[in-house]
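One chain, subunit A, links the two complexes that follow: it is found with subunit B in the first and with subunit C in the second.
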Partner chain A sequence: MAYGFILPSLALIGGVMAYPMFYSFYLSFHFRILSRPRLGTPFVGLANYLEAFRDPLFLRALWQTVYFSVVSILAECVIGLGVALLLNQRFRGRNVTRGLVLLPWMLSPVVAAFTWAWLLNDAYGLVNFLLMKLGVLHGPVLWLGDVGWAMGTIIVVDVWREVPFVAVVLLAGLQSIPDELYEAARIDGATPGQSFVAVTLPLLKPSFMVALLMRTMIAIRLFELVFIMTKGGPASTTEMLATFTYKEAFIKFNMGYSAATSVIMLLLSLGISLVYIRTMGGETALR
Partner chain B sequence: MRRREFFRLGAGAVTAMGLTPAWTRAAAAQAKKVSIGVVVNTSDYKWIKLLLQQYEQKTGVKIEEFQYQSGDVIPKYTMAFEAKRPRFDVVMIWDFYMPQMVAGKYLLPLDGSADPKIKLPDEDRADYFNQSLRGVTFDGHLYGVPESLDAGMLYYRKDLFAEAGLKQPPRTWDELVEYAKKLTKGGQWGYAFIGAPGWTNTYTFFEFLHQAGGTFLDVKGAPAFNSEAGLKALQFMVDLRNKHRVVPPGINTYLNTEVQTGFLNGTFAMARHWPFLFGMAEFSEKWGAKSAVKGQTGYARLPYLVKDVAGFNNWAYCIPTTAENPQAGWDLIQFLTSKDSCLFEMLFGLDMTARQSIYRHPEVKAKMPEFVPFFDLFAGIMQTAVPFVFPEAAGVSEVMGQEIDKAMVGQITPKQALDAAAARVRDLVKR
Partner chain C sequence: MTPSSRIRSLGWRTGLYGTVGLVCLLAILPIAWSLLTSFKTQQEVFSFPPTFLPERLRIENYTEIFGASQYAAFAVNSVVVASLATVGTMVLASLAGYAFSVFRFPGNATWMLLILITRMIPGIAIVIPLYIMAQRLGLFDTRLNLIILYMTTTLPLAIWLLKASFDTIPQDLLDAARIDGCGNLRTLVRVVVPVAAPGIVTTLVITFLANWNEFLLAQIFTATTASKTLPVAVGELTQHEYGIHWGNLSAMGMAIVFPTLILAVFIQRYVVSGLMAGSMK
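Up next is the complex of A and B:
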């Protein structure tokens, strides 16, 4: 009877998620150009995967995705923890502040991307205008069009957007830590710093794992920010696995190859998740 | 009723049917609905939707409209054609994508070769710009009826020109650089164009290439852009940014919106852009746009090196080979591209129709006298414009765009970029 209740959900998940996933996996072993149906869908074995690992653009997108994920997630965890610690304090207007902090995360990624693209426009964007007016810059910076700045700009915008999520997850973790533990540490003569290292961090491990897992899966498939703000440029320096796969599928119509790159994305995501679970999924122990 | 009276009545009825416009007669005899795929994030849609409503009211045939965005309409059309769901009777396509649609055998010829009843009449054919029909004709067959045009034009600020002592718009590349240098100062840039990687920077290069006397592909479809003319074109494009510094350095991120915004807010003294910018600049209230340059917008043909040309594209109506009711689709197309509809397109939509006669229509001259010189210029540009249409256009533009982008930011030389692009395009087309 229990299975009867979950059957509709399973059917929906199967139809919407499992079938496309398995079909994509199947397609990754075939040659298929969507705009040339007469070429058929011949089986090519691992050719698409081998082509990916020989394709300098794919390898560049892979490296840039890993780099972006590591740097942005690290920044989000550090800043998110700081925000969570602040929001865990008692102060006037704390509840309103908690709501306001969430605003960037509540914005649709597409809206955020378009807004930032306008703000960062080199010729008439507000950011350059204000920074030059304040004397911080002596000339406009090419935030999105310079190979030295573009990736960093994408990371900053992503951190701005995702810190609230990490902060909320860590805040929930902080609030579940009993006050008695901090009291006991104080009685034992621990400084606030020592309490933080010995009590807070170990007990926050499960929350960190949730935040890291969720953020990693989303970071690996980053699309909107890059597609709208830089289109993968300048000179492919912000090309990510997701934008690369999109272009192969929906611009070049190379469905077999793009299916292979999307499977590689999935495996990367799964692999990293397993690493997190093994290294951080153990029992939480206080020193 | 006597036999004579019967035959007289019958003859009268047949004659009356013959006088009825073909599209209403045929449509009335067709199924009760016709389905159309339309692209809604274009300037055309605001008048197309009104025409579709008019068609419904006049014929009683229900329009089933499927709306798409230009960014992903082609994959969606392709999947619909493959799955035969939905079975569009008409689709609106940018001719840039038509070669791959034709190669996939997704579109019906509209010249009577597939169905004698689906044929663009000769008198209508004669009314379209030759170049416009060239953009929708493949292997000698017509696959689309053009409904609106876009061709590259030069826009400039008359007030800034007067201030700088410039009496007329630049006609050559050297003049463009000279004028742009005079106009680049204090946060204002002399020139701007679409330069983001992809079809945008490829389009800009395509125009410079043809203005330098080059061609994009040879007669066999192989890359011909890595020629001396191609090198001059790409070097010029790169120099505008890196050597002369007359375009904003962020030009390699600019799509249509960035260029038109910069012109309308007064940041760019000159810009290469599409015909609709004139309406946005001078009749902004009708466009729902904000223009800080109203009353100061000049327009001209693009400057050139060897050949006085611009690139252009059509939006066109086509009938898929999977159409459920191709005749109903053809009737709708004839309505949407009739002279009355095209006149409505210009008067209401401020859009450039593909029918030449509309540019000389007395109602256009009477109701839009301020547009007449603009329309005259545009009609002149269309006589020599080059269609930005070639096989595998989307994929080719993507690979070319990446190499051009590398040259623009100085990572590689223009020669390296063109050679790399040629190799990648050969691989792409070979598959």
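Up next is the complex of A and C:
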């Protein structure tokens, strides 16, 4: 009986996610260029993987994905904690504010990307105008076209988009801390600062782990922002694993090689998730 | 209250409301700027220093875009694909969530864990085989293909959210339905779904938004008016070699954002609470 209810879902997930995943593994050990079918699909062993780790562009994309993930997630956790603490205060219009703050996260990533590209436009963008008006900048900056700025700019836009998510997860954590603990800390003579360090932060750890896990999984896949805003440029300084794999697969139609790089991404994703889940205490974290 | 503590409290409140205002401004400024741009002519757009308000509320950017037949078709594709995929996901996830919540059967926990793990698979890691499969099955550039893909990618989270929401229904209620002679399907439809309505609305909204905003799969699997969706069309407009028509682009962006805004305003409370619940999973 139970299986009758579950089977349709399992069949779909099995056919459209699990099977292609194994197909990817299979492809990654083969040579296959879709636009040249006459070359066939010969078995090449680990050649695709060896090529990846010799390919300077792939290594660059790998390093930049790691760099992007670490910096953006760190910033999102710090700012997200601040926003969560703010939204946990009592003030008028709190519910409306919580909804408004969530907007960047609900927004279509493609729309967020071009909206920011427009704001950051070097000649007519609002950001350059305001920063020049305030005297921070003396001349316009090519935020997305300058090798020194592009990655930082992508990180800032990603932080804007994802802080709401981290903040809401941490807010849920904050609300689950019983008031009695703060009361007890106050009676013991703790200052607000001390009770923040001794009560809030340790009890927020599980929420932080959840936010870290979800954000890492999503950050590794970063695609839309880069695809719309920079296409991986300038000079490949914003190339990510996802954009690299996309170009190999759907511009060069190099299916075997791109399957290998996508498997590397998959393993990276699963590996990091397992480490987090271990640290969070296995079953309890998954519940 | 002593005078000094009153001053401190006043300072605290000013700081609090000031910070709240700043955070809200940062959250909506980019979208608001895009909305203003969508009413501007190309001339107003390319003026420096920037003009903040458009000269008048001209809707030409909207009529230009959606008067063009292909964009109307993309909009229809977006609505059809996102809605049908959401309905499909909700039906399948309700059945599965009910089974995982109500039945004790061997492998229950293992299956839930496996479903969770599928959420960790990045889309790009499965699109290459899916692309080859779609070509072979003649599904490339069809709405049906996108619907199937979206249903699958949103299923795992939907099952988890619905199971959690069904878990909160008192056992007595299910027992009463059984005594009244309800089978499982009838119990699900008549008892579980109405009682778990908040959880269902949350899951529905999160699923719909994911489908409505999806870009990577649509970019790869659609090509013509037969199935191309709005996000892909917007993506193309941003890649114009000879200057981007920011007014038109913003108008189209607003068309994508509009349902999001509606959802944010009217049912944000469900989404926030759902996210909070979902984040604990």
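Couple of notes before you dig in:
In this text, the second predicted complex is superposed on the first by the 279 of 287 C-alpha atoms of A that agree within 3 Å, B and C clash if a C-alpha of one lies under 4 Å from a C-alpha of the other, contacts with A are read in each partner's own complex, and residues count from 1 in each chain.
Operating definition for what follows: a residue touches a chain if its C-beta (ideal position, glycine included) is under 8 Å from a C-beta of that chain, and two chains touch if they have at least 3 such contacts.
Fair warning: this is a prediction, and the values are worked out from it, not measured in the lab.
On the superposed subunit A, the two partners subunit B and subunit C do not both fit; they clash.
Look at A:Pro202: by the touch rule set out above, it reaches neither subunit B nor subunit C.
In the superposition on chain A, contact is made by A:Met265 with subunit C only, not with subunit B. More residues of subunit A lie in touch with C than with the remaining chain of the pair subunit B and subunit C. Applying the stated contact rule after C-alpha superposition, one finds that A:Phe223 touches subunit C and leaves subunit B untouched. Contacts of A:Ile33 after superposition: subunit B is touched, whereas subunit C is not reached.
Residue contacts after overlaying the shared chain place A:Phe250 against subunit B and subunit C alike. When the two complexes are overlaid on their common chain A, residue A:Ala235 makes contact with subunit B while staying clear of subunit C.
In the superposition on chain A, A:Gly145 contacts subunit B only, with no contact to subunit C. In the superposition on chain A, A:Ala123 makes contact with both subunit B and subunit C.
Only one of the stretches 81-89, 135-143 or 189-197 belonging to subunit C overlaps subunit B in the superposed arrangement, and that stretch is 135-143. Overlap of the subunit B and subunit C interfaces on subunit A: residues 34, 123-124, 249-250.
Interface residues of subunit C, counted against subunit A in their complex, comprise 16-17, 19-20, 23-24, 26-28, 30-31, 33-34, 37, 45-50, 92-93, 95-96, 98-100, 103, 105, 108, 111, 113, 115-133, 148-149, 151-153, 155-156, 159, 184, 209, 212-213, 215-216, 219-220, 231, 234-235, 238, 246, 249-250, 253, 256-257, 260-261, 263-265, 268-269, 271-272, 275-277, 279-281.
By the touch criterion stated above, subunit B contacts subunit A in their complex at residues 72, 74-75, 78-79, 82, 100-101, 103-105, 187, 189, 196-198, 248-253, 258, 261-262, 265, 267-268, 394-395, 398, 402, 405-406, 408-409, 411, 428, 431. For subunit A in complex with subunit B, the residues that touch the partner chain are 33-38, 57, 121-124, 140, 142, 144-147, 229-236, 247, 249-254.
Residues 1-3, 5-6, 8-10, 12-13, 15-21, 23-24, 27, 34, 83, 86, 89, 91, 93, 95, 97-104, 106-119, 123-126, 129, 133, 160, 164-165, 168-169, 171-172, 175, 207, 210-211, 214, 217, 220-221, 223-224, 227-228, 241-242, 245-246, 249-250, 255, 258-259, 262-263, 265-266, 269-270, 273, 286-287 of subunit A are the ones touching subunit C in the complex.
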